[in-house]
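Going by the order they are written in, the chains are A, B, C and D; count residues from 1 in each one.
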Amino acid sequence: MNEKTIVTGVIGADVHAVGNKILAFALEQAGFKVVNLGVMVAQEEYIEAALETNADAILVSSLYGHGEIDCQGLREKCDEAGLKEIPLLAGGNLVVGKQNFEEVEKRFLAMGFTRVYPPGTAVEKSIADLKEILNI
Amino acid sequence: MNEKTIVTGVIGADVHAVGNKILAFALEQAGFKVVNLGVMVAQEEYIEAALETNADAILVSSLYGHGEIDCQGLREKCDEAGLKEIPLLAGGNLVVGKQNFEEVEKRFLAMGFTRVYPPGTAVEKSIADLKEILNI
Amino acid sequence: MEISNKKLSTDAFFAERKEVLGHWHTGKGVDFDEAVAYQRSIPREKRFGLKLAQAAEQNVTLIQPRAGVALYEEHIELLRFLESEGEADLLPTTVDSYTRLNRYNEAETGIEKSKETGRSMLNGFPIVNYGVDICRKVTSSLQNPVQVRHGTPDARLLTEISIAGGFTSYEGGGISYNIPYSKNHSLEKTIAHWQYTDRLVGLYEEAGVSINREPFGPLTGTLISPCISNSVAIIESLLAATQGVKDITVGYGQCGNLIQDVAAIRSLNILTREYLDKFGFNDVRVTTVFHQWMGGFPQDEAKAFGVISWGAAAAVLAKATKVIVKTPHEAMGVPTKEANAAGLRASKQLVSMLKDQDFRSIPAVVAESEIIMKEMRCILEKVEELGKGDFAVGTVAAFEAGVLDVPFAPSRYNAGKVMPARDNVGAVRFLETGNMPFTQDLIDFHRQKLEERARYEKRAVSFQMVIDDVYAIGKGFLVGRPK
Amino acid sequence: MEISNKKLSTDAFFAERKEVLGHWHTGKGVDFDEAVAYQRSIPREKRFGLKLAQAAEQNVTLIQPRAGVALYEEHIELLRFLESEGEADLLPTTVDSYTRLNRYNEAETGIEKSKETGRSMLNGFPIVNYGVDICRKVTSSLQNPVQVRHGTPDARLLTEISIAGGFTSYEGGGISYNIPYSKNHSLEKTIAHWQYTDRLVGLYEEAGVSINREPFGPLTGTLISPCISNSVAIIESLLAATQGVKDITVGYGQCGNLIQDVAAIRSLNILTREYLDKFGFNDVRVTTVFHQWMGGFPQDEAKAFGVISWGAAAAVLAKATKVIVKTPHEAMGVPTKEANAAGLRASKQLVSMLKDQDFRSIPAVVAESEIIMKEMRCILEKVEELGKGDFAVGTVAAFEAGVLDVPFAPSRYNAGKVMPARDNVGAVRFLETGNMPFTQDLIDFHRQKLEERARYEKRAVSFQMVIDDVYAIGKGFLVGRPK
């Protein structure tokens, strides 16, 4: 089996579980091995889980508006931990209030993220992207 | 039979029929002979009907807020027509907007009305008053 | 005056038409053939009947407001607001009171004064005074189909100008726009006037242009038993179909008891179809309209939203084709456009959210609609009998005899012997059946329902119940309980 | 940690109590005997359980908001506003998030900052920090009974201060305030914490003071099948009754399909009574609470009024004893007091207007509730079996085995194998039953319901339906249809 492993979870102090469950379920259905860390996940937890499971990508959600703060430094911590090349994807309501998404995307890409998704993105989109990134 | 006759109707350009029907029905049930002129009744119509039927009282309703204007001069016209002693009762939403009812009552009594009723008065009240006025 | 339920002859119609178009100078602007061509140029998605047919097929409920102001630019702006901000599926043009009474001079003054003051001095849009071209400006400025709603006993000229003006649906009828709206108009006269309207619609049909027609369902809007308003709707449908109308929307005003409300729409739908078929009008399309609560409204806007939402919910559970929406300003008179749009959006939320729920086949609904249909058959068969098969003649005779009797109607041609009251669960029953031709088992049924309430309330069945019911809604209740 | 469903011994309770009251300095202010005397002095009309019992007897539905702010004078003002301008029958005091996590230092900072800035910097009222006397100021300033609502896994000190502070009802439970609210709290721990709370309520009962207890019904609030939340409610009722609680309100969060919603309350009421009786708790009073739509809300206030009104209508048709009311600001976060009162008044209109209508005996409702009860029996019997007759032990084992499984719950002690989806009329069914111990006919029933939807939508039954359902409400629909 050449199953790809994805670590996912809701970052920071966010307890929004519905989208997280939907996402994890959809990823499993799409044939990925999913390590779902659930809600209220610290940056370190993503990294530990990715190391432990030899993960192929990390998918970070945030729905309470503080995602930009919570995601800062994640790429650097990954690098330090030896996850230099691991794809980092982020989506949800990443910032407080309505903001131009292109601006948000630019900031997240600059922070080292591989893909960034606006609110209301269909799950299929992230799955298609993961398949592309991971050459499945 | 010593049945008393009441002329009733909604004065002026007012087409509110529900209260009128309720009132006429209640008066009949209470044993009165009712001459119900319905809606959009002119002052002259009340007087004609009262003369024709040898009525014992006239009960004027108004629900659209112009009752005070519509009722002006009714007592004088009754006097001229030979209905000098006929009791005149008025009720409904007699004036536009919220006004102190005591003021409204004072003005109507000064206009020669025998009894005046505020909005939402129970039908029983007018019936009891009529019985008292007509010594039944 | 003699009337009969026969298609007006072309000669008679055009003779009358000459006179009608002369009632006001804008009548000159109506050219039938040109109007047919204009109507044919209206895109399909803006035709009222087509949009209704599509909704009926998809089993969804469309929403429609009431709205009309004196100045046409503002009227266009208002209707545009209601389709964009209110998400209205169907649009209205409500006509002012002067036009309803054919007082075009006064309507003209109303337009002038509105121009001077910059605000609407009329309670609706004066279609006749504006004439064909301005009506076309209105109807062509909008995304959705537009209907004329009024309350006019003699609406002949109004109909001519409306249809030539691009409206694709027209409310009213010789009974439903007389008995609840007028004191002195005879039924013979208004039925004849509406035969004209319906014949005109028939002529458009024959020319390939279908105009939707809608008898006014709620009548006086207060404690109207479904069998009464449904019977009137069917009679007006038959009269309209006789003149060549092919697209009819029959209506009903919410009573408040959900089972009865759904049953009313169900029975209205079934028997309208049955009667049209019975008289050979198999090709007439039937859809339904549910009117949100027509009685007194709470002053408070939040409470009004509650009443509006409940009306929308009942409409969609009954699978009415459209629902006429109230506004949170209902108790205060003419609403702002924002309040009108808010009532629409609250209704839209519910017609969307509940669209997959259908209460028509619930046993209690079926049982209730069987009763309504039994009552309707008693009435309609008697009307047919009184008219010796002619529903126009029969209707006049039926009102005279109190066989048809609309509670709380101002018309002197209405017997006013019938008295409704709510039963213990808020359904509208009969306290007095007057001369309505009901069988003894129906009379017993109503009596028993009111006795049930009387026992619960520990008082006798009496007229006091009616009084209490009329005043109850002001206190937030359906059933007027003793203190 | 070992737990069992046995009444805590007096020794064990008071030993634990000593520690609990030391968690924050305000614990010192609690004196049980003095608190009993204080509670006894509260007038009858302000006792939560009595008002609920009266409503149940009269078959009416009471309305209750959510509300809580940081500063106590403002909190009193807010609640007074909700009873005068919102016509609330029952009042809440919603506790802030810091208190829910027992972070009293941070709550203190929140109070200070709120004083400085003059506006609430906490999302609720910090009961523990204020202590007994200020709580009494709150509860004694109001005309109506007041309940504490929160979401606290370890609510022991909060309970002590709340009851001594004059609150007469208390929401929560060891399962319902853990699984949907917490990630890492073990069930053993939270069940034990809530045994403490329930034992304390039991001690007050034994001293002649009855405090109403309410397990939290809606759980995660998203696509929760009635059998799951009802089963949790019954288990928490049994656990509470074991500790001496005598007045319980079991709850359910609206799913949106009227038949299912009424059936959910009906089955909850019937089986709670049955299970309490079965275990000898015949003297425990049972009432019900219906939560208006707990899922995503429309941003638009008019549409929100539509959702609120539909919730109130479903509650009253189900004859729930009370309904928890949302506000037109729901989508925007903390509401103004005016918006809160508006939601209440819209709800009041409907609980008044529909109070004489009852949908509990409609055949479709009865049939649906038979299914829910069958499912509940499968679950509850398995829980009892897993615990060898002990519902505390059984609950822990059941969550571990996925026999009890709350969709979309954040807790790591929840299996998360169950997946709900709506059927073709919007009722919540199971796409995946995970390890829930259903009989084959129940599994077939759910499958068949989803197959029916799949046929209508011309697609296969799949997880995509769940995704579509979760996103549907944002577009105004219950059922997520394919594009």
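Assume a contact is a pair of C-beta atoms (placed from the backbone, for glycine too) under 8 Å apart; a residue touches a chain by one contact, two chains touch by 3 or more.
From a predicted model like this one, the values you see are computed outputs, not experimental measurements.
Visitor: Can you name the chain that lies farthest from chain A, using the mean of each chain's Cα atoms as its centre?
Guide: Farthest from chain A by mean C-alpha position: B.
Visitor: If you average the CA atoms of chain A and of chain D, how many Å lie between those two points?
Guide: Measuring from centre to centre gives 33 Å for this pair.
Visitor: How big is the gap, in whole Å, between where the Cα atoms of chain B centre and where those of chain D centre?
Guide: About 57 Å separates the centre of chain B from that of chain D.
Visitor: How far is the middle of chain A from the middle of chain B, if each middle is the mean of its Cα atoms, in Å?
Guide: It comes to 78 Å between the two C-alpha centres.
Visitor: Mind pulling the residue numbers of chain C that touch at least two other chains?
Guide: Chain C, residues with two or more chain partners: not present.
Visitor: Would you identify the shape of the chain contact graph, picking one of line, ring, star, complete or other?
Guide: line
Visitor: If you go through all the chains, which pairs of them touch?
Guide: A-D, B-C, C-D
Visitor: What does chain B use to touch chain C in their complex?
Guide: 15, 17-22, 25-26, 29, 38-40, 120, 122-123
Visitor: Which residues of chain C touch chain D in their complex?
Guide: 256-259, 298, 300-310, 312-313, 317, 341-350, 352-358, 362-364, 424-426, 473, 475-479
Visitor: Tell me, which parts of chain C touch chain B in their complex?
Guide: That would be residues 181, 183, 220, 222, 407-410, 412, 416, 419, 463, 466-467, 470-471, 474 of chain C.
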